[in-house]
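Multiple structures follow.
Paired with chain B in one complex and with chain C in the other, chain A is shared by the two complexes that follow.
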Partner chain A sequence: MVIQIILLCGLVIFSVLAILLKDLIKAALSLAVASLLLGIIFFRLAAPYAGVFEISVVAGLITVLFILTIALTKKGDEVTEARLVKLAFPVFLILFLVIDGLVMKSLLQKIPALPSGPETGTFGQVLWKQRTFDLVAQVGVILAGVLAVLALFRKKEEDRDE
Partner chain B sequence: MSNLWFLYLFFAALLVFIGLYCLLTMRNLIRLFIAVEIISKGVSLAIVATGAVKNNILLAQSLAITYIVVEVALVAAALALIINIYKKNRSLDVRLLSKLKG
Partner chain C sequence: MVFSFIVMPLLVAAFLPLIGKFSKKLLPDVLTNAALAFLVFNSILLVKPVFNQGFIVQNLHWLGEKVNLQVALDAFNLFMLFTISLVSLCISLFSIDYLEHYGHKSTFYALFLVMIAGMNGLVLVPDLFSVYLFLEVAAVASYALVAFGLGYDELEASFKYLMLSVVASAFALLSITVIFGMTGSLNFQAVAQGLQDLEARLVLGVCVAFFIMGFGLKAALVPFHAWLPDAHPSAPAPISAMLSGLLIKVSGIYALFRIVYSVIGITPALSRLLMALGTISMVVAALLALGQKDIKRMLAYSSISQVGYIVLGLALGTPLGIAGALFHLFNHAVAKGLLFLNSGSIQHITGTRNLEELGGLGKMVPVTAGTNLVGALSIAGVPPLAGFWSKLIIIMALVQAREFGYALVAILASILTLWYYLLIQRQAFFGRVAEKWLQVREAPFWMSAANVVLALVCVLAGIFFTPIFKTWISPAAEALARGIQQVLMWGL
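Moving on, here comes the complex of A and B:
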């Protein structure tokens, strides 16, 4: 329980750093550390496959994409944020912590949970047999993403020709 | 078990709040996208923690993996879009997007 709380606190701290740090590279690296901690939390919740995906894809691939984008947009750091935003953040955070603590517990008791029996079988059976439609949708989403990226970069090449 | 569920959902809600605050107040496009990532972390934490507490961890894992795949496709497309916006405006300021005309 103590380790879980430490991991969750680390997750929140690195997420806060990701939005407050001025240097975007450091912000992206903080996000990667937060993903790593989330992956460890998944492992501790007996969800190793989700943990592996979180660490390899989110902490690895997405961080690389972020750093690549930051490198390609060098003047990105020059966007000035309003000063009040960072000053007001701790106030809003503490306010939300109080509301979250007060409301969440009573809210959880009111949420009707659907009755479900204990799960049987392996992860592979659940993923490939029960959630087959999800996998088809995943293939569609990946294709849509690839086509979107291709379309966006093809447009740039046309601009170069002109 | 209920206390554990409360703990995880408490932190998941906190992550969603941090992301929403950043989305509503900040101007840098890349930072806005980092905020979207933080919100998605909160959501995936809520999915997996609820699955673990309610003894449906296999289903929760498969949903989390589906969610991560959707997230990656979204990130790839959005970052490509951000690079294009930067090439056009020479800035990542989200306020400049309001000047776009169709």
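Moving on, here comes the complex of A and C:
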């Protein structure tokens, strides 16, 4: 239980950091850590499927895409945020926490319980034996992301030379 | 053989950037078109086995051991695969000449093929989460393709599209998560079976609402349509054709109706709701299209309106309604593909898409004008073109089901459609030739060739309507009309 609470607190802290940090690389890494923690929580709750999706898609794939894109943008491209935006996030966070505390418990009770037993299988089994197609699709998403970066950060001058 | 629809475009796409290093134009052109021609051929080859057996379920084996890669093919998704392959082949033929001024052909083609692999994957997988993943594959590629021109408008449209599309994906994913929570499975068959045994109508209702929001946004149904009139006109012409012709139908309509019919099972209330959404889209978008001056923007609104027809027919749920809607889906994919490519030709020839600046082009560029007329009349529903038959069947199905109100609205919307397409014809191609267009020449060979091929498909599908409908559309409609029984038959 204590480990669970520590993990959950870590998840919230790193998620908030991902939004508040100014340095984009640090923000992307915080997001990766947050989803890694979420993945671990899923595993501990006997939901390896969800854990596999979370760690492979969000912590792995999306972080790579973020860092790749950030690496390709130049310095001096920073966008200054309006004050209102800075205020909006904490307000929404508090609002969300209040709604979460009031509503979620009763809503979750309405969803019927799983008819089947909890999922079984190690990370490797789930990823390679049961969800193989998702890997193909992820290859597709990574390929699309890399090609998108190639297309959007190409030099326009080269086009004219051709 | 079925896996080649996903694997082949991905493989070619992976190598294209490397090939582009030493052959900037020829090899990327040849490879892309050859790959797509192979897919068209492959989908024709699959017709016989699928129609004989009713469906094909394939598992991939690697070194003698079964790998958990499974695809399921029935008449409905084979119909979709053929439509995707045929229209994208014509679009990639058009791109040979059109992309000359953009450069970086290999990157463009690679993204184009990834988008096709995503759509094919979405159509083939019998698993809810895989549907979501392939939806994202196609979507990520399309964001980059919309912004391919790198101009301010393109980037802005791409960003808007990205933001709304992410919201759509989130709704779909949320619904998939809840269904997984209820049934403990993601596989179509197990979910369909699980939901039958479950008494959870309220939660299931919420799931369906999320699916409608998510896939409705992807299909740009009114009131979820705001992104489309910006995104589609801003993209390069081949991508506009791809998005309006195929992507909104595959990631919106196919995904929604495959799940609603084959996994969840349609109810009368859901049918009424979807029919209402379809009708609103049909009318509102047709009215909005009337006021547009930019050809591509008008075509984009027209896409929303025609998607309304397809949704109306599919939601009606009778075999005739579904068949009409599927035939209209094919006709719209071909004709709207043609019209967007054609608008690319017009922009290539004149440098503008503004209807007020154009005029009298028919005499100067007869091939472009002629093919535009065929596409426009087909969508507007003028006999004997293919669009006439599909609209007629939808209206007949509505009358047969005693939905006279909907039938009347469909006829009126069809008249509106004819009106705004005649506006394009009058303003762009008829009348006196403005002096500045006296020197214009016909679009390059491959651009005109792609237009002519698509126009021919519109004409031939209209003339040979009866055999096409009997042998091809009806089995696809029956596969969908069978509801969850279809998926239970697969034995996944």
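In the analysis below, the second predicted complex is superposed on the first by the 93 of 162 C-alpha atoms of A that agree within 3 Å, B and C clash if a C-alpha of one lies under 4 Å from a C-alpha of the other, contacts with A are read in each partner's own complex, and residues count from 1 in each chain.
Convention: contacts are C-beta pairs under 8 Å (C-beta built on N, C-alpha and C of every residue); 3 or more make two chains touch, one makes a residue touch a chain.
Model, not experiment: these values are computed from the prediction.
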**Request:** Examine A:Leu72 and indicate which partner it touches, taking first as chain B and second as chain C; both and neither are also allowed.
**Result:** first
**Asked** Taking the superposition as given, does A:Phe96 touch the first partner, chain B, the second, chain C, both, or neither?
**Response** first
**Residue contacts on chain A - larger count, chain B or chain C** = B
**Message:** Which partner chains sit in contact with A:Thr132 here, chain B, chain C, both or neither? Use first/second/both/neither.
**Reply:** second
**Message:** Which partner chains sit in contact with A:Phe53 here, chain B, chain C, both or neither? Use first/second/both/neither.
**Reply:** both
**Asked** Which partner does A:Leu87 contact after superposing on A: first (chain B), second (chain C), both, neither?
**Response** neither
**Message:** According to the stated criteria, A:Val2 is in contact with first (chain B), second (chain C), both, or neither; which is it?
**Reply:** neither
**Request:** Using the superposition on chain A described above, determine whether A:Ile62 touches chain B (first), chain C (second), both, or neither.
**Result:** first
**Prompt:** Just which bits of chain A does chain B share with chain C as contact spots?
**Reply:** 49, 53, 116, 119, 130-131, 134, 137-138, 141, 144-145, 148, 152, 156
**Asked** Contact residues on chain B for chain A in the complex?
**Response** 2, 4-11, 13-15, 17-19, 21-22, 25-31, 33-35, 37-38, 41, 44-45, 48-49, 51-52, 54-66, 68-77, 79-84, 86-87, 90-93
**Request:** Spell out the part of chain C that touches chain A in their complex, as residue ranges.
**Result:** 6-7, 10, 13-14, 17, 24, 67-70, 101-104, 107-108, 110-111, 114-115, 117-118, 121, 125, 127, 129-130, 133-134, 136-137, 140-141, 143-145, 147-148, 150, 178, 180-185, 194, 197-200, 202-203
**Item:** Residues on chain A engaged by chain C in the complex (per definition of touch)
**Value:** 49, 53, 110-112, 114-116, 119, 129-134, 136-141, 143-145, 147-148, 150-152, 154, 156, 158-160, 162
**Request:** State the interface residues of chain A toward chain B in the complex, per the touch definition above.
**Result:** 1, 4-5, 8, 11-12, 15-16, 18-19, 24, 27-28, 31, 34-35, 38, 41-42, 45-47, 49-50, 53-54, 57-58, 61-62, 65-66, 68-70, 72-73, 75-76, 78-82, 85, 89, 92-93, 96-97, 100-101, 104-105, 108, 113, 116, 118-119, 121-123, 126-127, 130-131, 134-135, 137-138, 141-142, 144-146, 148-149, 152-153, 155-156
